[in-house]
Amino acid sequence: MNRNVRRQFASSIWLGVMYLLTVLALIPLGLVLWFTVSKGLPSVLHPEFFTNSFRPFGIPGGGIAHAIVGTAILVGLASLMAIPIGILGGVYVAEYAVDPWASWVRLASDVLVGTPSIAIGLFAYALVVVPVHHFSGIAGSIALAILMLPIVIRTTEGAVALIPNGLRESGLALGLPRWRVSLQLILPTAAPGVITGALLAVARASGETAPLLFTSLGNTLFKVDPTQAMQALPLTIYQYALLPYKSLQDQAWGAALVLVVMVLGINLLSRWVLRRQIRLAGQL
Amino acid sequence: MRAVLGAGDTKLKVEQLSFYYGKNQALKDVSFEIPERRITAIIGPSGCGKSTLLRVFNRMYDLIPSARAGGKVLLDGEDVVTTRKLLELRQKVGMVFQRPSPFPMSIRDNVAFAPRLLGWSSSRVKEVVRQSLERAALWDEVNDRLEAPATSLSGGQQQRLAIARCLAVSPEVILMDEPCSALDPVATLKIEDLMAELMRDYTIVIVTHNMQQAARVSDYTAFMLMNPEGRYGELIEFAPTANLFNQPQDQRTEAYITGRFG
Amino acid sequence: MAAAVESTSAVIPPVRRVPDRFRTVTAAVAAVAPVILIVIVAILYQQAAPSIRHFGLGFLTGTEWNPVTDTFGALPAIFGTLSTALLSLVLAVPVGVAVAVVLAEQGQATLRGILGTGIELLAAIPSVVYGIWALYVLAPWSYQHLELPISDRLGFIGWLSQPGARSLFNASLVLAVMILPTLSAISREVIRAVPRGLKENAVALGATWWETTWRVILPSARAGIFGATILALGRALGETIAVTMVIGNRYAIPPSIFSPAYTLASVIANEFNEATGTLYPAALIELGLVLILVTLLVNIVALLLVRSTSREASRAA
Amino acid sequence: MPRLTFERELASLRESLVRMGTLVESQIEASLDALRRRDGPAAEKVRNQDQYLNELFRQIREQVFMVISTQQPVARDLRYLMGLQYIAIELERMGDYAVRIARMTSTLVALPDKPLRAEFGLMGELAIGQVHDILEAIIDQDVPRAREVASRDNEVDRLWHRVFEDLVKEMGTGKTDTDGALRAVTLLLVAHNLERISDRVTNVAEDIVFLESGQVVELG
Amino acid sequence: MRAVLGAGDTKLKVEQLSFYYGKNQALKDVSFEIPERRITAIIGPSGCGKSTLLRVFNRMYDLIPSARAGGKVLLDGEDVVTTRKLLELRQKVGMVFQRPSPFPMSIRDNVAFAPRLLGWSSSRVKEVVRQSLERAALWDEVNDRLEAPATSLSGGQQQRLAIARCLAVSPEVILMDEPCSALDPVATLKIEDLMAELMRDYTIVIVTHNMQQAARVSDYTAFMLMNPEGRYGELIEFAPTANLFNQPQDQRTEAYITGRFG
Amino acid sequence: MPRLTFERELASLRESLVRMGTLVESQIEASLDALRRRDGPAAEKVRNQDQYLNELFRQIREQVFMVISTQQPVARDLRYLMGLQYIAIELERMGDYAVRIARMTSTLVALPDKPLRAEFGLMGELAIGQVHDILEAIIDQDVPRAREVASRDNEVDRLWHRVFEDLVKEMGTGKTDTDGALRAVTLLLVAHNLERISDRVTNVAEDIVFLESGQVVELG
């Protein structure tokens, strides 16, 4: 065979292998979604699943209302703490990128993103639970906030950094003060990216289990008081799944379906927002 | 020759200007005088410090923490290098960049952006928007779609919008940092014509790596080079453009403009 | 000459800048991130202090974990953590790089968009969902169709014997799925950051697609891909819930990859709420401290690697 | 689109050229006037005025230089600039001829007065007319006109030959003294210079055709 | 004038070439002949399709899935558009891009890249590396550090390395896509001089938005414009460079080269 | 760094100019030779040869055009090109003078033979020498030499005045017939043209000074 023909042939083979591996990588996604839906759907189809709270094994009509509300409260509180700080911090890191301090913040954020969530749970436990001597939603939300903070910082930074430097310089060259340029010109321009970051952080926090294990602990009752132990969706799944009762396992699958739909929904939404941001930034 | 008709008074007087990024000297002992209501071009090979020099004039270098300047740059007698009235300085000394960077808002809002933040009355802002767009030779092209996003304009139009935006705060000096290097020849010549018009009212300083452009548009030209030993930029020659391109006084200038380097 | 420049530069005073209050405020806010990081380590250290004082370095090499006798050694957990993480890397890296290569190609935007979205959604799925899936679906299947056939044929090799549904191997398998998105997303970015010109140049020289990818693009992205791998390693080390659900939770160095094991994170997750006394929780927190220090180290190395590649890429571009 | 600066430079250059042309015309006129009126001082003035012409020429040349080196014209623009310069060269030469005529007038003034031949008046008028009209052709960028003006060269040529033959015949009668011979020869040279001016007009016409159309033609 | 000395034979014959990106027509009915061992420049405003045209000649457009070409481009009589021998074509028709893009390997390996893929013997590769670097006027600058990473070279050197890399497979035609637009004037003139040298042995086609450059370096120039209605690029005029810049036959060419557009 | 293409163009241009100069020199030589030998056909040949000269001139002019429009020279380079062109213009004029001399030779051939004055030989030699030497100054880019050559103009001028006075005196004796007058006037014009050639050499010298140094000077 002619050498060039051989080279072309080898290239085609390799291309096929690469695509094959990609498809292979997607199989777990399909399986996870399939099983979550098929096993979770029966539970989810009962309306009381969303309105009722925990019922012990054998008592029908158990639901996850307490977990959904708990997750909402936990994540909501965490967002209130993490998002404003994260955005301001992200603006700082992006706007003063050459500051030595900014690179420390950046490094710390990256490391924080990679820190095992269980360790953050331990930290929140030691920080909040130990002094007040009982588990609480607040402890859980602090743990989640710590988890969210670096994500918000880095995505905000990324979104702001995507804005061409020319925009910043143009603003400053007009004689506008730095804070006006940053907050009234740059940040609005980067808004979709920043929102994406916040959404991603929310999605991530909603799905986390480990940091909640020793902080909000979980609760079988419907609670809206964050100073008490609270249930959350992932906790529900984790706890029910390991129980030897079929009905609770089914509820775990149902909760998993709810969680997946929620998380993937937020995720797809954030991707859509982000795409707009990128298109906009491309035009600048 | 315009340049021969008699120069304007000195608008910017650069005196023994040196500039450092951290420990690295970027400019050394640059001295010359930029005349009012004329176009002054700064040319030289890359790395000669021409952009740095331009960014001294409106203190854009403040963005870089390690930057330091020595010497003086007198704008109407007031030292730019040490002034604490940074915002006033930048309103007086506008700047147009290589990339037009339209703000992500309507054409009108782009021009009105700074005036509004400066708290001007809305009728005044409206007037300023119109005037600035007219002066930037953009009014006729956009007056029927002032609400359209600025990003919908072509590259050349965006650059004229950037000029209009800069005119909106009534600068006296306009600095241009390679304003045409991202544009095609058609848009470039439009900007050049616009510069010739703006010269009646503004002092213009343009940095360009395109020496033909400097020759075409400017009244005065400063030629800079990087000192081969010290690695800092220095001013080699400053003269009326026609003289510089016909009878350069310095060997190095001649070598550069005739394309015989190194 | 240089000395002269030096001396003049010494004379020039720093520019008197107008103070930038905006910067001060935002910098202070941003300080929250590093401060938290330090505080985490500090507090964990403080909480682990009894155990550290009691066991010293022997904690790291001890193999026994007995709350009754207050004997705590971390080695089996450390071993489990490292081996699941490394095994998952072995499984995930080739696939992840292949995915990255495919996703970084231009053209066929729709197909690639769908593939890319799919891969990224993999990352979005909460680990507890992976856990329940792994527990009820993946582990039984893997036991039947992977572990049994392999140990039947290769069981004479010790560490491929004793198949079980809850095993180190299955934990690695689910970990591999979980780190795959990290791996491929970062690798894709790194590959995309390879200047387009490199590819065009190679193609223009008459190189085939594979030659271009293998000899030009992947070498350019090498350091970045390595960084992505390390970053994925960090994730794998710290992953708790899914692993806890399938690894079998046996505190011992397993004889085979198909045997149950334990990881640092899952020990904590399982036992912390029941831990009483001083030494037991302190020992668990010390496990957390070990975990966090290892991941810190791994993360920092990875970040430096990824950063150096993107810097190189921007220089080349 | 206009290219403002360049157009401005071109306009100023054309203006300088017209100024130069007007000066040349008046120089020729003045020199012939001085000849007719045997006015030594007037002739002297023509010779002095020439320096202004030279200065104007130098300026135009320099200006062309500066425009070429700063505006990098090509095609029609370059042709136009070069054409202007060629015309300036011709005009400068015409000015030289005027000076020569003035110099000869100085010679003639020293000689006994004798009536001038009618042909001189005619040649002078024709030449001045040609110079005047070619200037207008420059201003109006009028190629047909330029060609027409150039064609009048024949008439001047005819007159020159007549003057030449007559003067030779006059001297050939053997009745001339030195003064007479000097006068005749001097007048001959005057006529020669007028004829040369007319030649130059033809050259200018060729240059006009060139700068307007890019064609290189031989007129006359 | 070189161009007047008599043109080389036709190397590339473009016949009724049309080009589409998906549904958008990018080129329409382009026909002209590129002579051998001459430099042919393609100029025109941005968006006129000059880069697209160049990328037809070595089928680089194959990288873009939706691209289609109609008509013929005959390279020594063989149709480039329909050939299936892509690798051979690209070895015959080399290309140099706007950005030099050195491969992340040593200087030597950069040049040896393609020869090694072709399976040449190591002694032959060694010889080719030396020859190519010499021809690209880079040997003297790098022969003492062939093992250094290519990224350590300056921009101008990198571009000459890209040329050397392309020479290594002995192309007959070299396509250059704005090879100097990322370089400063010094490096630019070096490349231009190099092109003048290479012309002796290679057919060179250069796309440039800098018409002065086209005027300086090329023997023939093709001027392209975007059709205002159809939005496709078309060839307006093709002529020896000296003629095109002195006596353009088409009004639009004249308007473009004298800087009076639109 | 060289700018290969540009240098090549310049070299070819300079070569053309030298070829043109050589042709002019030989034209002048031939015309004077024909005059001395009263060789009608030779004179005729000079007049025919002029078209080659014109063609060469046209080519140089065009080449200058192309170099300017394609290479965009500035400063010294532009000066150099323009200087070359100015010199070509002067050379072309010199060629014209040679043709005039040849034309006069045709007139003289028809007249009775009489020995030529020595001054003609002298003037001719001087003029040819000047042309020859100024060509070498061009080739060698030798400004002092150019100045020196230009200074020889005075000698030619002196001879021209002597010829003029002598001829006027000769005709003033009243002993000339028509043929004699025609011959005298024709010779006068020959001398005049030689003097003009010498003038042109001065102009060329000025151009050389200009193109080498950028200074505009008045020589002679």
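Read from first to last, the chains carry the letters A, B, C, D, E and F; within each, the first residue is number 1.
The rule is short, and it goes like this: a residue touches a chain if its C-beta (ideal position, glycine included) is under 8 Å from a C-beta of that chain, and two chains touch if they have at least 3 such contacts.
Fair warning: this is a prediction, and the values are worked out from it, not measured in the lab.
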item: Longest centre-to-centre distance from chain E, chain (CA-based); value: D
item: Pair exhibiting more inter-chain C-beta contacts, A-E or B-D; value: B-D
item: Between chain A and chain B, centroid-to-centroid distance (C-alpha), Å; value: 46
item: Length of the line joining the C-alpha centres of chain D and chain F, rounded to whole Å; value: 21
item: Chain A and chain F, separation of their C-alpha mean positions in angstrom; value: 92
item: Shared-contact residues (touching 2 or more other chains) in chain E; value: 86-88, 117-118, 186, 189, 212, 215, 245-246, 259, 261-262
item: Chain F, residues touching no fewer than two other chains; value: 1-3, 6, 65, 69-70, 72-75, 78-79
item: Multi-partner residues of chain C (each touching 2 or more other chains); value: 208, 211
item: Interface residues, chain F side, partner chain D - complex; value: 58, 65, 68-70, 72-75, 78-79, 82, 89, 164, 167-182, 184-185, 188-189, 192, 216
item: Residues of chain C that touch chain E when the two form their complex; value: 106-108, 195, 197-208, 211, 215-216, 219-220, 312, 315-317
item: In the complex with chain C, residue positions of chain E that touch it; value: 58, 60, 63-66, 86-88, 90-91, 94-95, 97-105, 113-114, 117-118, 151, 162, 165-166, 169
item: Chain B to chain F touching residues, read off their complex; value: 212, 215, 245-248, 254, 257-262
item: Complex contact set, residues of chain D against chain E; value: 1-3, 6, 72-79, 214
